[in-house]
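My questions will all concern the structure given below.
Chain nomenclature is as follows: A, B, C and D, assigned in order of appearance, with residue numbering initiated at 1 for each chain independently.
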Amino acid sequence: MMLSFESDYIEGAHPTILENLEKTNYEQLSGYGADIYTERAIEKIRKACCRPDAEIFFLSGGTQTNQVVISSLLRSFEGVIAAETGHISVHEAGAIEYSGHKVIQLPGHDGKLDAEELRQFLEAFYQDGNREHMVFPGMVYLSYPTEFGTLYSKEELTAVYSLCKEYDIPLYLDGARLGYGLMSRKSDLTLPDIGDLCDVFYIGGTKVGALMGEAVVFTNRRAPAHFFTSVKQHGALLAKGRLLGIQFDTLFTDDLYFRISRHADEMAEEMKSLFLSKGYELYLDSPTNQQFVILDNDQMEKLGKAVKFSFWDKLDDSHSVVRFAASWATDRESLDALAQLL
Amino acid sequence: MMLSFESDYIEGAHPTILENLEKTNYEQLSGYGADIYTERAIEKIRKACCRPDAEIFFLSGGTQTNQVVISSLLRSFEGVIAAETGHISVHEAGAIEYSGHKVIQLPGHDGKLDAEELRQFLEAFYQDGNREHMVFPGMVYLSYPTEFGTLYSKEELTAVYSLCKEYDIPLYLDGARLGYGLMSRKSDLTLPDIGDLCDVFYIGGTKVGALMGEAVVFTNRRAPAHFFTSVKQHGALLAKGRLLGIQFDTLFTDDLYFRISRHADEMAEEMKSLFLSKGYELYLDSPTNQQFVILDNDQMEKLGKAVKFSFWDKLDDSHSVVRFAASWATDRESLDALAQLL
Amino acid sequence: MMLSFESDYIEGAHPTILENLEKTNYEQLSGYGADIYTERAIEKIRKACCRPDAEIFFLSGGTQTNQVVISSLLRSFEGVIAAETGHISVHEAGAIEYSGHKVIQLPGHDGKLDAEELRQFLEAFYQDGNREHMVFPGMVYLSYPTEFGTLYSKEELTAVYSLCKEYDIPLYLDGARLGYGLMSRKSDLTLPDIGDLCDVFYIGGTKVGALMGEAVVFTNRRAPAHFFTSVKQHGALLAKGRLLGIQFDTLFTDDLYFRISRHADEMAEEMKSLFLSKGYELYLDSPTNQQFVILDNDQMEKLGKAVKFSFWDKLDDSHSVVRFAASWATDRESLDALAQLL
Amino acid sequence: MMLSFESDYIEGAHPTILENLEKTNYEQLSGYGADIYTERAIEKIRKACCRPDAEIFFLSGGTQTNQVVISSLLRSFEGVIAAETGHISVHEAGAIEYSGHKVIQLPGHDGKLDAEELRQFLEAFYQDGNREHMVFPGMVYLSYPTEFGTLYSKEELTAVYSLCKEYDIPLYLDGARLGYGLMSRKSDLTLPDIGDLCDVFYIGGTKVGALMGEAVVFTNRRAPAHFFTSVKQHGALLAKGRLLGIQFDTLFTDDLYFRISRHADEMAEEMKSLFLSKGYELYLDSPTNQQFVILDNDQMEKLGKAVKFSFWDKLDDSHSVVRFAASWATDRESLDALAQLL
């Protein structure tokens, strides 16, 4: 089998998760999240966030989570602001629009929204005499880390959140890879900070060691009325809710979530050094588990025969950007093998 | 822990599924269903259906599957016909209407549509001078077994399907518990028959031994264009598609799906005999894994202290209908324990 | 041209409306309802309702009004309760479902909801342990007069509204033919009563003398935030809002709306007497401008050659129900002509 | 009353329309477009387009038309490409997204799409390995004239349409002000050309002499199945369809539509000369009935006290763009009055 750094979801689950699924397999537990493991997972996440009153729900995937959360929080005449490179802007097949809402796209700066540009947009909107004919900005969406692996600093996130509070619209943080962001050596944010600096976010499981699953965390009592029913209405409610509860109970026991995130970040840093030391150019300086490398057509072809990675974007006729990702399962052996190939 | 017959999704997965998840856990597989196990599962299901050209997709849950399939097949001015007791009519929190389509409700007879009533409805619709102001019937939905555990005979299903062909609308069969239907001693249908007698159906995994997962099978080349993208748009695409592929590969190896279904049906038959022998009255004669029993208020209270079951409906002031379900995990010991309680 | 009682929208507008359109035609007025005539119409309707604080908006047609009002007031997980014969249940081509919401159908009694059945439904819903998997009843819809021309008494409407208040859901009254209801000799309700006994209603113009147009009246400060924008979002905002403003300004000047409604009701009463005196059977006893008559196939054919009416429903193989409607334009001559035909 | 050039919908209807409404007012005509005037209007428009087989429908307003046409033609996984300044991108309150579809925004060049940029976008989309995770481009939308009053040349429109045919997606032309475009001295297109160079377009009535109303013209048998029902489902069907039929019958009798369009264009040209002769700067060179003028803050304030116009956009701290529009009702007197003010 060919060596692969294609993504952070090419392996199964962290082995402790499988162990726990097996250990609890014969227990008879009520469905739809009314089980003890889901309860425990909620308590542990509340503790990890230092938010005893957080309202927490478990869903299956990132696009699903974005669709359910965003459409449940927006009023019908509102849209959601996002960077033009944001996942909801580009790679969710129009899931937000399918739910009836516009994604209002602002420029992305290595994947990030700029608070100053956001302020200008909001000011201009509320000064526009035609605004009643336009989609109202009803929420701000950002991802941490971004789709490019980059991070908002605490100051940057605070600036965005202050604006949201000023305009009384919720800030929603897409944490599909939250662990890799928080555990980055470049991050100055903690999980409790995240809870303080937005109104709702999700803790990604699928890409951080789970088989699937995302934990949605509403702070400030922002959970919409009957969110459970909205989840069901979107076809997003699992009958065997235990599957999500057990996984997150595991991930938030003994800091597993953070330990495997840090491991992947470290592996990615070594990968980055490797590329640099071999004379490769990086597309941007990602401090998290995804590394974006520039390859010329020749390198692409040769390397592509020996190792899997993701094509990201064409840079020009003879160069492309490709992505190498690390995960909980990435080990020194695979890095050594990569080193040899380079 | 209290004995429970609450539903067929109170345990985890059949142990062979967990074994296979573990065995393959470290394999690096591409995401979104582009893995070898998904491919194998598709091939095995095609074979089991005797439909080499069936188009097969894997989704996570029943409501999700109904929403994605129905909304992808209907045109915007069409609705779906269903029994008034059908799952989509009652217990999916309006997931079909959320996607923009009316559920056109016809009477249910122990959960079943009656072909003659369906014919009358369709005839009346096409004779109605105001039909262009009405929702067009664009699909027929039925469940096999029904929400009451009952079964269509081959003749009954054929009659419904003939009508669908006559009116050129697809027939969609909700097989959330398909195995329990096919393996019932009262069934005169096989899986290939199902493939012959509708245009799309799903093979339920969640309630038949999987952690989660449903296999959608389109016959007659009925799969909508770019169905993959529609799945994504509904937030229904799993990144680690392997999770679905491995489960269905397991269920369709060595007839596991059918063996565990038959086992549950047999357990349910014993349960039924048990209730009858103890003088309990059945609400209806279900030939599958769910049994519906009438309890008076006293019995409800006493029994409820020792064993878990589902409340189904109030019959009158002093009687209720409750449901006892069997699954792959139901064993003789639990039946013996139930016998003692009764 | 053949004599016609086909509907109450077969003629143009009351001549005073055309006069006023002409009189004001060259005035330069801002668009989208920001004109003096719209303002005046709002004030006059407020006065007629004895509701100085009513929030009033003008829309173009009945289905549009129902869709915009209902979808703007419901939360995403809610549906609207209506009689199974209600306009939104049958003859709006699924406009409510298109906006994402289920129409929860209760039995109709000559078109009317029964308060006791409504109470039972609501009680059962809130006692149902599975209600979080179901569409929440978020509004009650009724029409006055109903689609069968029948009327709720003050007592009946009060009973329904009390329930709505008890369950804290708005009551919405579809007044496509409101004038004909209020001016009926059988009505014990006034326009201010209507304002007191629901949360939102509309005063139908299209079928009561206007070219088109309906006036939506929100009481109790129930108008949704940014309703103007929702109207636009539904494609329901007219650029030349004056067209609606001038028509309603006219209809609510010198009681024109009520006078032409009473006239039509009187014509319909004479029509009813005519049918009865000629030995025809009525399908039901409608006290408003629409009369429903039973014809045998022979009568249908013969009469149909000399006068236009609407086919309503097939009663049995040899009889049908047909509708004769009166409007502002119905005059004694046409009744005399009808008398001769009968 | 203050002189106004605020928009082309500040007056009522061309007087011939009112005359015809009056003349036909007492005729009894079937509803929903089944009347002789609608039939005649359809025939006359077919003739004017040299398209005897065109399928034609009448709707009430521009946003409504865009929503109904676009959502009826797109499949659920598709979006519509438009200039970022297109009406559907900005000023329709998210009506397209409300119907479930993304507006895919490309750069606007004085309001126009560039065929080369469109080609690049389409090529890139079909080369993107992730395209199945993205919204498919399912239609191209453009407006003629654009929101800035500018025009596509025949060559430019042909280039866009060739691309659409190459990619097998319909081209939809928003003709809210179609007459002003076709009658411009700068236009090299005729109405039959429009019919040849797109798959569906609408002939705007609201802004070109009608009270309200737009005529949708499908060529190439592109009308969606049961479009009438889709219109109803969107709440866009008028009961008194005669109101639309009579207006368009009038507009397409004796070339009225074209004559009043040319008149407005001529008035606008004089207005333009006036502004230039007085030393004002134009924001762009519009060849149609809307003129975009740059005013400094002082001019804005002074002029605003004596004449109404529309604020368009802020240029910088001390300058704004404003719009002056001409219509069928603009006469020499008002231009003289404007001249004096300038």
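Here is the rule we go by: contacts are C-beta pairs under 8 Å (C-beta built on N, C-alpha and C of every residue); 3 or more make two chains touch, one makes a residue touch a chain.
From a predicted model like this one, the values you see are computed outputs, not experimental measurements.
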Quiz item: Where subunit B and subunit C touch, do the two copies share over half of their residue numbers, giving same, or under half, giving different?
Solution: same
Practice problem: Please indicate which chain is farthest from subunit D, where distance is taken between mean Cα coordinates of the chains. | Solution: B
Practice problem: State, to the nearest whole Å, the distance from the C-alpha centre of subunit B to the C-alpha centre of subunit D. | Solution: 50
Quiz item: How many angstrom lie between the CA centroids of subunit A and subunit D, rounded to a whole number?
Solution: 42
Quiz item: When the C-alpha atoms of subunit C and subunit D are each averaged to a single point, how far apart are the two points in Å?
Solution: 33
Quiz item: What are the residues of subunit C that contact at least two other chains?
Solution: 76-77, 92-94, 98, 100, 132-134, 229-230, 232-233
Exercise. Using the touch definition up top, name the residues of subunit B that touch subunit A in the complex.
Key: 1-4, 6-7, 9-13, 15, 18, 21-22, 24-31, 60-68, 92-95, 98, 206-207, 211-212, 229-230, 232-240, 242-243, 308, 329
Quiz item: What residues of subunit C sit close enough to touch subunit A in their complex?
Solution: 71-72, 75-77, 100, 132-134, 136, 225-226, 228-230, 232-233
Quiz item: In the complex of these two chains, what residues of subunit D are touching subunit A?
Solution: 76-77, 79, 90-94, 97-103, 105, 129-130, 132-135, 311
